[in-house]
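Think of it as A, B, C and D in the order they're written, each chain with its own count starting at 1.
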Amino acid sequence: MYHFRNDYAEGAHPSILQKLLETNLEQQAGYGEDIYSTEAKAILRQKMNHPEAVIYFISGGTQTNLILISSLLRVHEAVISAQTGHIAANETGAIEATGHKVIAVPATDGKLQPADIQSVMDAYALRPHVVKPRMVYISNATETGTIYSLAELEALSAFCKAHQLILFADGARLGHALTAASNDVRLEDMARLTDAFYIGGTKNGALLGEALVFGKPELADEVDYALKQKGALLAKGRVMGIQFLELFRDDLYFDLARHANRMAAKMAQAIKAKGFSFLSEPTTNQIFPILPKALIEHLSTQFAFYIWKEIDADYAAVRLITSWATDEQMADAFIEAMNQYTNNGK
Amino acid sequence: MYHFRNDYAEGAHPSILQKLLETNLEQQAGYGEDIYSTEAKAILRQKMNHPEAVIYFISGGTQTNLILISSLLRVHEAVISAQTGHIAANETGAIEATGHKVIAVPATDGKLQPADIQSVMDAYALRPHVVKPRMVYISNATETGTIYSLAELEALSAFCKAHQLILFADGARLGHALTAASNDVRLEDMARLTDAFYIGGTKNGALLGEALVFGKPELADEVDYALKQKGALLAKGRVMGIQFLELFRDDLYFDLARHANRMAAKMAQAIKAKGFSFLSEPTTNQIFPILPKALIEHLSTQFAFYIWKEIDADYAAVRLITSWATDEQMADAFIEAMNQYTNNGK
Amino acid sequence: MYHFRNDYAEGAHPSILQKLLETNLEQQAGYGEDIYSTEAKAILRQKMNHPEAVIYFISGGTQTNLILISSLLRVHEAVISAQTGHIAANETGAIEATGHKVIAVPATDGKLQPADIQSVMDAYALRPHVVKPRMVYISNATETGTIYSLAELEALSAFCKAHQLILFADGARLGHALTAASNDVRLEDMARLTDAFYIGGTKNGALLGEALVFGKPELADEVDYALKQKGALLAKGRVMGIQFLELFRDDLYFDLARHANRMAAKMAQAIKAKGFSFLSEPTTNQIFPILPKALIEHLSTQFAFYIWKEIDADYAAVRLITSWATDEQMADAFIEAMNQYTNNGK
Amino acid sequence: MYHFRNDYAEGAHPSILQKLLETNLEQQAGYGEDIYSTEAKAILRQKMNHPEAVIYFISGGTQTNLILISSLLRVHEAVISAQTGHIAANETGAIEATGHKVIAVPATDGKLQPADIQSVMDAYALRPHVVKPRMVYISNATETGTIYSLAELEALSAFCKAHQLILFADGARLGHALTAASNDVRLEDMARLTDAFYIGGTKNGALLGEALVFGKPELADEVDYALKQKGALLAKGRVMGIQFLELFRDDLYFDLARHANRMAAKMAQAIKAKGFSFLSEPTTNQIFPILPKALIEHLSTQFAFYIWKEIDADYAAVRLITSWATDEQMADAFIEAMNQYTNNGK
């Protein structure tokens, strides 16, 4: 049984483990003050062409989201998210637990546009009886696999600046977004156009770790306290520093994401060739084909994946996720199983 | 320059890295549902002779503390800690950030006794104008290197039970406590006498990870939600499961702690032999000798350690910490440097 | 300019002020332990036929909501509300500020039915990645002036009991609900069918004050702490005790609400007679007629009220609120102004 | 039985009730936008010679403290208080419930001096492992009846400014402080030397209400949101506006406090004349004489007061509180009872 369930089923890219081994017995300073974290940050700043960026490594996405959001908002301020946004849908009220409302907006393809934000601001005008929208949270790639174009990001950034809104981008799958075939956003655009964003390691080759980047360093001035307070300051910060160093030293990070995208595209293409459609246009490493239920059942005997959404009596959408570790032979096997089944007239 | 500054300066015990490598490309379920986490928990339950214990792996101590405490207390309830307790002194208000007062008690040797708790309850009697003390937080070993005897733990446990107080033990250095020469507490006593406690991995051979154990499973009924909410549910939970499996499969955990204690004892003995005294009786892997400042300055040229407390014009207490990774040759070198210096009549 | 803007534009019913005067210089115990609070609670218990009910007086609705909700929910638990519910729409994130998500449900006429709750529970099934729905918050009368029938309340109560959900009713305008012409719910039904509810004083004749009632006394066991913690324990609790005593000694509370409803009904009837329709069926003291904009403009020169919702180029809905203090001559004047204007062929 | 237990045993000064009656049926805007609140604020600004001061009326002290503190601190920031401070000792963890640590300092006579603050800052230097001290909370008069001199306030203010610390003064008994015989602080000094402070109404003649004053208006920019969020925005804000208008229109506030102080001074003088000493020098309306237990028992048959502290086998300190409403005949009766008893050789 091979899994296309998620992009965190395997461990880390072997070169990361190798580097952990090599450096294992060196004595290093704790709490992210080790030389590997320092070097990884320097490389990241260089790659995003932003020498003043402030960077912290944090073990997971929910923790990164809640630290960033709670350390920048005042008690009466709220964050706007697409309804599908991870903070709105999948984090067990993590943001509310820090005291802030998440204003969830129904949004096409999981993306927020200036008009969505404007609607929220219109709806939240009756000061002081409503919260003050103060931050916009987006994901790139989104939870439905779509990505922002540069023009969209520019527009959103300009709108947020004009309305004193902090723009924060969740990049749990940023690698997959930035290496998508249709992408025109660069890492430095993320740093330039957002106030803060993060680069997800966990879903792209690391054991754990997300790199939280403040393009506006003044926003980061005291976030080190928040990291400690929320339990995110790992004693052995080297574990994350070494991983990001390996991932970004030679663009391994992007190579891994490209592989994941290529595997997804290969499967998507084969599925399209059979005439099936998708919930959203396949773009990154998450694809949502709409398949006959009988075919789904057949494929399920060999491959593990989530049934995402009932479409009608005969069809359902499934979610297939590939990763840096996806074995191309298994992607081929999936395609082969589908083709055989459909060719047999079923 | 060799460090005796902390017990998290190195990576992980090599057999842990080896196991991470071996299992790296296996596809495993996420969020702690992998077979390694499952197996590690089974072994831990067996070792603590407590088949019903509920166990979660969490990346660090602060996070473990804040999850346990905030998920068990109601809004008006407070936790009692020694003033030196980690939650009172070193976690940037992590517990208060979840809404709860930490009642800090001056306590001999970092330990709480029933009389300390009784004093707090007497002082917090004017309901409803004061918080309700509801939990007792202890550390074993304590932040000053001391340990609880079985009799002390039994007394504390009985007192807490009689007063409807939850007893929670921070075991960031539990291995060092349970393997101390003077210790008479077993792992199963911890499970039996507390309501919850944790077994620290980070400071005893793991890259990261603490095992939170609920001896009273009914207290753990919904703590999985809190783990996710506070960002503690690592996608690749296998990373911690594998580590605890390696640490407890063959008692490696205790062997490593024993080594750390032996190194500290060796250094303590040599220091005593020179006639120096200690802030508290050397017991585990943290020792606090009171040394002449000139000697401290001399040793500082070769070894890194913290100056803990000014004693008088001529003397200061320093903190020396050993670990599973401490090189015995370096402990010997420290002793040699001290002896040479003092033998030269300084 | 006469106001139909809200039901808190005047002070208190004169007999309340009279009683405050009479008792003014008596020395009374503080913090709600005065004899008037005690007597008011006894009368309320009798009127709701529930000798075990636990009752607290709190200065306002938002505070009552946040105390009740935050003191009963655990960190990962959430409250379900209609989208129009006060906690969802008008309290500046008060509930989120205590750490809990408000799950807002689009709901007909501002009311929740079992099917609405079931939908939420279905949507929040992916434990532990989502909050746990644990409480249902309803308002009676609702924010749109509608009320629950006894059958609806019975059904909701049974559903909540069957699903371990706490049922809490906001009764800021409970008087208006229970005296509505179409109402079949009694005060004792509120106590019997909810776990907790409150009886609003501020909007029905008091200077300030809501009576929070726990029909299930075990839920109230430690809520006194929460009252103090949230700043709701007024030193001169007598101020609220005296008011509720006056309001309930001889059913003044219901008389006042009946007057408000009668004024609204009179206006509604006249508006209907002119052929205008309503956003929702006029039931209590808030009515939402849909009027020609020219008429609205005309009426606005003499009367103050809110324009609630744009309907089309020619029509808008307005909100008219009456109260215990509404002067019938002014209601008549409003009707007269409308009639004159429309009779003049406009 | 006459009470010297607290200063909130009676209702309000009669002229306040009179004004509530007179204005009762006027229609006024809600939420503090009424003309009485507006006028009261104008008068207060004039009396404190500070035209830019921003003022809000809030129903009680705990609520005022928690709103001010939580709306100005970031997640990792803490407030420093004397151990006897109300937020540290008597508010059921209200500040911690908003997420912030209260750093409690043992302090002579309930007062904080710059050296106390400096000590805290020295102790909280290990960033980011400790909270950041960011606010200083003082009370004037203090919880033990003492007051700050102008020189002390000037020094504290300068120290706070120099260290970027917000200075906030709890004035639940500010009237008693500013009218004490030994006082040299004026209302305008409070506005000039603190960043925010409040003027307590509840304990000096009002039914309820504290006036929160921001001497630094920029700190108040969005506090209206916080007021609503914490449930402090009373629908009938007029109730507090009218009271403060009456209290400050003609300095009634200070006359009332002067009476309370005079009653306390009269009793203190008589007690001193009998040779008894005090826990702290009698200054305002709270005095703490140390009396023989037999005398205490005798007085308790006629007068109610708190026994504050056991001194030895024969003596205890009691707390006597006078107020604007204290009947001078009753103060005389107390003195008489004491004198008779002691004159009888007991």
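Following the convention adopted for this analysis, a residue touches a chain if its C-beta (ideal position, glycine included) is under 8 Å from a C-beta of that chain, and two chains touch if they have at least 3 such contacts.
The structure presented is a predicted model; accordingly, all values stated were derived computationally and were not measured.
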{"item": "Proportion of interface numbers common to chain A and chain C (over half same, under half different)", "value": "same"}
{"item": "Per Cα centroids, the chain farthest from chain B", "value": "C"}
{"item": "Centre distance in Å when chain A and chain B are each reduced to the mean of their C-alpha atoms", "value": "34"}
{"item": "Computed distance of Cα centres, chain D from chain B, in Å", "value": "43"}
{"item": "Whole-Å gap separating chain A and chain D, where each centre is the average of the chain's CA atoms", "value": "52"}
{"item": "Residues of chain D whose C-beta touches two or more other chains", "value": "75-76, 91-93, 97-99, 128-129, 131, 225-226, 228-229, 233"}
{"item": "Residue ranges of chain D touching chain C (in the complex, touch as defined)", "value": "2-3, 6, 8-12, 14, 17, 20-21, 23-30, 59-66, 91-94, 97, 202-203, 207-208, 225-226, 228-236, 238-239, 325"}
{"item": "Chain A-touching residues of chain C, taken from the complex the two chains share", "value": "75-76, 78, 89-93, 96-102, 126, 128-131"}
{"item": "Residue ranges of chain B in contact with chain C within the complex", "value": "70-71, 74-76, 98-99, 127-129, 131-132, 222, 224-229, 233"}
